[in-house]
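In what comes next, subunit A is part of two complexes: it sits with subunit B in the first one and with subunit C in the second one.
Take a look at the complex of A and B:
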């Protein structure tokens, strides 16, 4: 397998489980940039100190995208804690993303 | 590989010869479809296959892909709706071994079903898919691609503008990579696109529509090329069939110019009848034997078959009225021993129930038999039963196509028609085929002096003299005998 670019931000501290995310993006196109920013902001606000984000650029690592059946980009996969969650899009709808990740109740 | 650019000669209205170049094409490998497409699909471009659920569009696409893969041009199949394992199984039932092609790196099935539980938040694109395809295409040097059920992906957007943009991206990507592509999209039951996909028609270079319709409880499939940029194509609707070995399209090559001229005389099997017809039927022509129930049509045809087989010729007898066993047994009464002829393979009787299949399937079997057996003569017993293939129109189509196929091959074609009423003269036409029939023999039963007398008259005999009298005849233990006037 080709080497893929992994960025790790934030490390597990105390309190609660660590959230492990894998975010699939395409280079620096606008949806991908937005998704990166939105995810980082959201994690800082709600999961400070207990999250990991692995970013996969599908242009550089199509094999991993393939393995994860990632067809649309950006795709965010919550790997831990179970169950797995998949979110398509630039994550602009924060409330919806938080609800999907079980970080808030689905109030809508 | 694309077929080399061909030059086709073409005469325009003013009779000037124009040389025109045809675009490079990729053969589909589907019998008949290449004929309709004048060589195949446009190389390096996108072909759209549309049709309702169960119409067979995925199968058509898959067969094209496999044909190329077999010929050493690897292809990718992107599945948005079906599981790869299900596709492998379905293909296996048609005798196609996808797994072996996959092992040889000639074919790649990509399971692209989207996670139905995924949450959508904000805009996204199909670049992930394209990146994966790029890598896969490069790795296996793919030349073909089929995108099955592209509509399943598009529904995800739920936004006509974005759908359109994404399809455009996909189309551009296909063109950039020089892949010969087939995309299948479902249509509504009426055969129309959901209006939001109308632009697909404009985008694709070749659009083929397949539909499945039911007429009087008989299902038929039809295929039509709607457009083909840079190429001529057959403009009709063509019957097509999914048989045991895949898809077959039956194009109408009813070009009368390809008909062979009538051959020499051939005996009817009855010496006196030969005299009535000034020597017999002519080889390679069409003969219609019309008559009421019990007038002796089958007997007359079988006498001809027997004589032909004894001369060492081969006859194909398509029977829509009775089984081969019943026919053999019934013909013993007028003293015809057909069983030995069947045993030697000279006489081949194929019995079908007309309503058992659609007209295209009947045609497929008949045309296949013509090619395999290479008979000198064909008998269809009886064309009146052909109406039960669905409609009068279906019967007409069937009979015309058989007739054309026979005339192109120089095969004598005998049609039997059962007239229902007593006024059989007006029923001679036999589903409208009479104008292309060369010889018409009419048989009738007449009550004369308390007994039924059989009479025979030749109504028409193209390119030959014939008696214009009614001739009385009897069916005896040893065939038909004409009573001397």
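Take a look at the complex of A and C:
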């Protein structure tokens, strides 16, 4: 029963919806660069052809960061599909990121 | 009319997000903090890595310097013993020969020869003592435990402070660098006891425990203060700590007023066997 729920939680993936991400970074700092790379890889592996990434450099566009309540960089916000999800850090923990984005079941 | 400023609007953040944020901060995955007016770029990880690299370099340098110092001491001790010692022995033999050749009635010359001979004997002893202090030959010949026991005996003789060595090592042997480092730490600790502790008793404990070698030097003196134990000016303590760190070990120093000071060194056996 529990595993069935988990499958249902990941329904967005199976329905083929487009994922819209907004990634907030700061210049070419180490973690920001890693986050860009990790997100691109994750999307290619799990959402090929069904994703959009909008990258916001807070040094150039602080207003968007404020509007989205971004406190630190890198911050990844899953805009669509709803509900909105926020992930912090360089996205190097693939399992945790996929679980947060509901692309796999949260096994914790 | 109130002059009070309107409250600054705060970002709403859920508990789960806050936990994730703290996790990201703790694991150094954050490189920018977005403030209301400024963006702060933080490179904590890089700074910490640089600092750690710098510390490693300083430790490596300290270890290298200690190694060079020991090598130099060994060389000087050998030169003293071989060159100076031999010459003094020849001199003593020469004086003994003269004493035999001098007629019994030349009492003044005989007395002078005896005096010079005694002086040379004293010089030979001094040279031996200096050579041993520079490089305790006993470390190579007798091993660490016996050398420490000998050092404790010497220490007691010089200072009047009773000094005992307790150990469970038996006939264990350690590598050269390890033996020298442990011996020098114990020697420096005893020097501190004689110079600063105002103690009447000191104990050296050297034991194997859980794959570590533990050296403890305890005295019953006035007890080192916390400030002094961590002072940048306590060069003797810094030197001891560097010797321990060079062997991946640790050194702690605790003092208790009126109960004395305990120095504890822990070194992984794998580094000294």
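Everything that follows uses one rule, which is that the second predicted complex is superposed on the first by the 92 of 108 C-alpha atoms of A that agree within 3 Å, B and C clash if a C-alpha of one lies under 4 Å from a C-alpha of the other, contacts with A are read in each partner's own complex, and residues count from 1 in each chain.
The definition used in the following text is that a contact is a pair of C-beta atoms (placed from the backbone, for glycine too) under 8 Å apart; a residue touches a chain by one contact, two chains touch by 3 or more.
For clarity, every value in this text was computed on a predicted model and none was experimentally measured.
For the composite obtained by overlaying on subunit A, subunit B and subunit C cannot both be accommodated without a clash.
Contacts of A:63 after superposition on the shared chain: subunit B is touched, whereas subunit C is not.
Of the two partner chains, both subunit B and subunit C are touched by A:89.
Within the superposed three-chain model, A:97 lies in touch with subunit B and out of touch with subunit C [touch as defined at top]. Among the listed stretches 109-117, 307-315 or 379-387 of subunit B, only 109-117 clashes with subunit C once the two complexes are superposed. Taken together, the two complexes place residues 24, 26, 29, 31, 58-59, 62, 65-66, 69-74, 86-90, 92, 100 of subunit A in contact with subunit B and also with subunit C.
Of all residues in subunit A, only 24, 26, 29, 31, 34-35, 38, 58-59, 62-63, 65-66, 69-75, 85-93, 96-97, 100 touch subunit B in the complex they form.
Across the complex, subunit A is touched by residues 111-112, 114-115, 117-129, 131-132, 134-136, 153, 156 of subunit B. Taken together, the subunit A residues at the contact with subunit C in this complex read 24-27, 29-32, 58-59, 62, 65-66, 69-74, 86-90, 92, 100. Against subunit A, the residues of subunit C that register as touching in their complex are 11-13, 17, 20-21, 23-25, 27-34, 36, 39, 41, 43, 45-46.
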